[in-house]
Structure formats: C-alpha cells, structure tokens
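Notes for the one structure printed next.
Labels run A, B, C and D following the written order; every chain starts at residue 1.
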C-alpha cells in the first residue's frame, strides 16, 4: 500500500495546484490513499468550499492544524464530515474529530490521526504523546495500519513523536513549518518518518506569504499582513510504501512545480 | 569557488565524525572553504579544546549560535580567534566578533557573518535583518563575496533572510533545527539558499539527544536531560558553488554516515 | 474561617523569614489555616529538608508550581505527604497529588487545589480550567469549602480562573510572578481573589535573585545566574475571611518585613 | 513636583472614565504633570480621535506599548505630535518618537521615555536596557528630571529596569499587565517604582475584555474575541512625589471607581 501525504495547501493558488497535479502525482507514484493538510486553504483556516475543493481534487482525508478553527464557519462541516480531521488533542469539547478508521486499499482498515505539537506553538492543546496512546488504545482491534500526522513547529517534538510511535504506526509525518525536510527514512521499528512534508503553494514566498510583507515584518517596518505570494507553485509531500505487516519499506519525497496560468 | 557549510557538531561523537569525514567530503565535493557550526560541540556550548579539535579536522571558520556562551570559558578564546564567530547581533558588549573578512580561494576576500534569529527563540539579540545591513555597510569595499549563516528556529525568519540578502550575499544557510531541509536552491537574484543544513552527530536521536530522554520530557515524565545519543553519526551540510560574480550556481546537500567505532 | 496563603518562599532567607514571622502573622490576623507556596525553597525547586522546615514554621499545606520537580529528590516525599501539593494539571503520571481534602477549622472539610497556568509559561501541563472542573466533580460531596491556587504568569489567565471558579470556590489566589498585586477583592459570586500574593524572600532583589545578575542578564552581559539576593526579607501573602456558606467576606493583603540577622 | 501616571486606557469606557475622573484625581493628589498610557484606547491600538480625547481629558503626554501600531492610522499623527510617545526601542525606522524633553512644573525640564520589554512578549524591539542608556546619553544636559515607563510583561524585566535606572531616573513605572501591583516604593538610590500601575477600564473583566470570552478562550472553546466588558470602570495609576534633586519621596497608588451611566 502507498500512502501519499500532501503538505499544507495555501490559498486558492495551492488549491489550483492540487487540482493541476494531485491525480498525476498519485498515478506516477502509485499511491492508493491521499491525505492532504488543508489548514491554510483559506489562508488562515479553511471553509466548507475549500474543503469540498480539496476532496474534488482527489484527497481521501483532509487534516488540519493550529489554524483548524481560524475560520469558525468550518465547525459544523467537521461534525458532518468524519473524513476531515482536526488535531485530536485540542480541547475535548472541540467540534469535529481528531482521528478515524477509514477503508483503505486491499481491504485494509486505516487509522488516521491528526496530532498537534505545543513546543514553540500555542500552549492550548493537550499532550499529543499521551493523546496518541489513548487513541491507539481506543481504536485497538478496529484497524490494521496506523498513520499519524504531527502538525508541529519544533523538530524535537516531531522527531520524538516519530520514535514514540515507531512500532505502533506505519507512517509519521510532520507538517506546519511549510518547508520540506530531507530526513525521510524508516525508523528502527518500521515507521516511515519525515520531519516535515512541506507546503503546497507559491514557491517564491515565505510560507506562502508575499516575500516583501514578511521581510518588512521582520525588519520591524509597518506592513499589512498576509497576502499570498504570486508566481509558480509546488505540490509538496511524501509517499510511504507500507507492507501488510504495518512496516514501512520506504519514504519518498514529492515536490512538483506547477506553472500558474 | 565551493564553500562547504557543516551543521551543528554535537558532542564528542560529532567531533569524531568530523575528523573521520570532513577531509574526504571536502575532497569529493571540491570544496575550497569550510565553515562549521560548533555551538553544540560541548553539548550546550563549546570550549577551547573542542574549537581546536574542529579546526584540526579541517574547518576554516567556526560559527556559533544560541549556545555561544553556554560555556563561558570560551569567551577569551573568541577574543583571540577572529575565525570563530558568535552571532553578530548579540548585545554589542559581547565577547568576540560576529563577522570577519577572510582570505578565501582564488584570492577572493570572503565576508562571513553569523546571524541569529529571534522568532520562537530567545528575545535577547538585536534585529538580525538590520544587523546584516549594518555589517554589509561597514564591510563595504573590503570583501568580494558575502556568506551568511542564519541560526534560527522559524522557517519564516530564515526564508525571509534568504530573500533579504538575495543579491547581496552569495550564500545564506540556516542552522539550529538540527534537521536538514530539502529546499536547497538558488534564490532569484543569485543567493544560494537552504533553510537548514542539519546537524553533525548521532543519527538515531532527537537533535543529538538520547531518544528515551526526549520522549520522556515530551510525555511529562521526570527525566534527566541531555545525554548525547549513542550509535552511528552523520555529517550534514551543504556545498555552495559560487562564481567570481558573487552568484551561486548551485547548492548541493551533503549527508554522510559515519560508523562510530 | 480565615485562610492565610503565603507566596513563594525563596531560599534559606525565605525559610528564615517564615520561621521569624509566620506564627505572629497568623496570630495577628486570626488565621486558622495556612497554605505556603514552597516551589523556590531550594531556589529552583524544593527538597525534603526545606519542606520539613516549612511545615515546622507553621504551614498546614505546601503548594508548588513550575519548579515542583526542579529538584527531583522531592518526588518520593510527595508520594508520602498528601499535604504537599504539586500542580494538579501536570501530566497524570507525575508523582504526588494536585489536590486534597483536609480537616480545617470548625470541622470544615477544605478542598485545596494547586493549578498551574500555561500562558507565557511552559506548554506542558493540561488545561487548568478543565482540570479544575474535573477536581470539583471528583471531590463533590467530600468537602465544604474549596480553595484554589493558580500558579501562573499571565494576569489574564489568573483573572479568568478567578471568575471561572467564582461561585464554586471560596478563594482563588495567584502565585509565580513574585510581585504582590493590589487587586485583592471579592468576585461577584463570592470568591475571594487576588492576582498574585507575592513572594517571601529578599526585598531588594529581582524575584529573589541578586539585582546585579538579573540586570546583567537583561543587558545581554555574560553572567552567572541565580544567586539569592542578600538583605532584608518580607513575608508576602493574603488572608481570606470565609463564611460557613463558602462565600468570602474580605481579602486582606499581608506584607511584613523581616530584618535578617 | 507630582507626576501622575495613568495605566492603559481601554476602549470608549476607559476614555469616558478618564473624562469623568482625571481632573478630580489630579486635583486631589496635587499632580502637576500627567502621563497616560493609551495603547488600548481603540481596543488594540489607538487612533487620532482617541488620542485627541485623552489629551482633552487632561493628559500632558500619551505613551503607548505593544499595540502602538495595531491601528496604523496613528502613524502620521505620531510624527506630528511629539507628546505622544511610542516605545523608544522599536525598530529605529518606526514612525514617531520614543522619548522627549517636555516643559514640566516649576520650570523643570522633564525627560520622558517609553520603553518596552521583550521577555514573554514580542521579540522584535531592541534591548530596552541599552536603549535607556542611549537616551540618557543623548539627552544629557537637556533635562532636569527623568521619568521612564516600562511596558512589559515579566515582573523580572520591570523590576530589573527599576533598579537599572535607580539613581538616573526619578520614577520608573510598569504598564501592560493591566493589574496594579502593590509594590509601590522608592528604590535605594531614589527612583520611585511600581511594577504595574494597572489599567483604566471595566472592573469586572479580564484586562478589559468580557469575562465570558476570556474564559471560553482559556477553556479551549470556540469564541469570538475581544469585546470590551460592560459595567463600572476604574481609573488606575500612581502618583510620584519628586524633589528638585531628582529623588522620589514617595509613590502612592491611585484606583478610583467610575460608575458608567
């Protein structure tokens, strides 16, 4: 089985890129199952329209992150769509779900969990490590293969999660920093791992944002904030090749440029 | 000209790896000039002995970071060694220097600057963007090629610096997250860029630290902290191929495994 | 009933001050029950010896904070002493307890809970608001009067907790900033409240630390860190006058100077 | 000479309170000079209309803080009004000024500086300690009495500034936490000091914000954010009695309730 995870889709440009490339990438890599992080589909957050668009581009599951509820209009949509996951370790009364068991290829039942880190991020969520334990306990017997996205800032928190779930999940990938890392590999007990799969959006940008605005902010100039950058985009992600035994055989990085019309 | 930048050397294991691999890597890539980040050579910080060891392994310049003065014994050494740079934007009364002009290959005068970010790090340093401007102004006329290391946590701050110095520096590379990124490239105006060149130390580790300790900390268990992990190491870095016009032609990632005896 | 809460005792000087003043302050205010924050009794953290010393000075309960386990030797002591509380919302597997029901004056059963904030502090603990709900649920029927210490940095988090527990607790007081606030008052539904009760330790100091060291750190000078300041001390706290109906009638600040011999 | 410093005025309610109380408070305390923090006059930030309103209520100087440019419309106003100060240690290219020498009572020339802290706040500003040194150097010979507001989060940073300027400034007061502290006093070399003078706005609120919204946010509920709380307000500040020798004789806290019509 091959799982394709796609990193944070940024704005309309990112969604266009997904429509332009996702089915081709899926075909070329032979991916059977596609998980797309959509927390920036509306810049900060996502609205029902963008979620529909991401599904129509070929995603099986949409995951979110710290911007899950930056647009609160998404809340009722989450309650109706179990295939859109917000971080599982948000406050328990949050709308939506943080994990689910889904029908995968070859009759495999896939447990997908969306976790969020806290180191150098917002302090609000519950402990993602203990949350992962709880999910694995609750879902025991209901799934064949476990997959985990850790949406986090600190490389330390993501690396630690990759080792923590090693032997219990077949793939652990990071999102949130919007820059793809080069450390794709299989951990000692068989979990495919990469610290960050990168973002899907404008190539010449700072996390998707217009370079001039970001530079101005760091210089301490007054500036407006958060215009999506113009120009060519890229789809960024990773493909995990997973055996029926739940071990990952290899992790390949994906980075495909898309010329915006 | 080819510049090899090597990421944070962690502990004795990292220094051994440097001794084992640096000259070979340099030869294989045809690198003329080697800059090594040494801020973790003594775990947190560096002492004169480790600095001597890094030079003897083949470094031309040692750079530092947030741990520059975690071992304060290094302070007098810095005053005597202009080829060891601490971040230029630390408080102005700090010991040592943050930049220098050094004799490079082909008679080229190389301006090397060490900058540190502040986003999701310590708030103490001065603005690294304005500091870079100041250094370029002060050094004007004294150098042929400018090279900048940005030791920072946030991908946004490093990306912004890469664009900010684009057209003014031939290479800008990030350090500090200890995980190599896959975004090596040449920016629009000719600056070679990569968000993080990774670390030189134990492969199966969390930033160099023993996995069990890091996991315990994230779980909220009581734990000791900061034993360097055992096992095989890797040398991690990047090679920038730079023309006499100060434009970078290409950036290649380097990641070489070293079997610890 | 009158409850005296005493703020973070800093070092040996703070313990001496407690021995010199606590019984007198208790008598003068007619306090029946004394709760002392001891998280800095050993500078960072507390050891069994200091806990014994604080009890022998007249404390009924010792509370802790972010430094609860800075000296891990205290862990077994906590397991044996239910009257020493560490924050209740630390990871559930932490040693010790975060709340207890204790025999108070007039046959009243006092629920005392120690909570820790996360805003501008460490992200590790669980949500203190939801934790307080859970404790009140678990302890329902076992207590007559509830008292809560919120060890937190942000005034917002402490104020919000004061309102959140208003009507459910008779007193809510803050610790951690080491500076006493002037907002002692009774909240609309009867909870006595003060944002911070201050610290017990050296008057001319920065949170108990030697002024020169703190200033040096903020200037960006190299400096050693965390020598306790010399000179006169003060005991700092608040007295809550609470009726049998669980409403607080008044909150008085306490600040008494102690001339160190 | 008596200087009245008034803490962060929050919203229209805060401005109304100022109009209702400031002249009476000034008269009752015999204050000669009034400095009002206006960074929250428009909730987040301030606009020209609110600045005019604060002056018409009786302020001699308006100071700002981290919200100085949350409404960027204020920028040109600052350039035209030297009696509105934004933090002096913002990036040097920022609009407006961070300090000025003003005609005070009894022919005294008053140096007023507005500084901002960085600990547990935004990392952007320059070092406020070194900035204060620079201002005192630049203004040398032009003033008789120096006054400094330190807009900061950490009690440590404010306390350290109070000692750092002791002997060089006649008064140092903190703002930003919106909760008045009880540590008003004169430091060893004669600087009047208080860690925070509190805020001018709704009494039953979390820093001025509606209690329900703040509690919801801390619980992790979805919530709108930042409606100013209803109900009675208070004017909060401090009066510094300063001799011609530049030593402060005493610091008195001011807290006056204002019944909103």
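In this text, a contact is a pair of C-beta atoms (placed from the backbone, for glycine too) under 8 Å apart; a residue touches a chain by one contact, two chains touch by 3 or more.
Predicted, not measured: the structure shown is a model, and the values here were computed from it.
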>> Give me the set of chains touching chain C intersected with the set touching chain D.
In response: A, B
> Same interface as A-D shows up in which of C-D, B-D or B-C, over half of contact pairs matched?
Replying inline: B-C
>> Distance between chain A and chain C based on Cα centroids, please, to the nearest Å.
In response: 42
> Between chain A and chain B, what is the gap in Å from one C-alpha centre to the other?
Replying inline: 29
> From the C-alpha centre of chain B to that of chain C, how far is it in Å?
Replying inline: 44
> Counting only residues that touch at least 2 other chains, which ones in chain D make the list?
Replying inline: 91, 119, 124, 127, 130, 219-220
>> Residue numbers of chain C touching chain B in their complex, please.
In response: 69, 72, 75, 90-91, 93-95, 124-125, 219-222
>> Quick check: in the complex, which residue numbers of chain B touch chain D?
In response: 91-92, 118-119, 121-124, 126-127, 130
> Once bound in the complex, which stretches of chain A touch chain B?
Replying inline: 119-120, 127-130, 153-157, 159-161, 163-164, 177-183, 188, 195-196, 198, 204-207, 209, 211, 214-215, 217-220, 253, 255
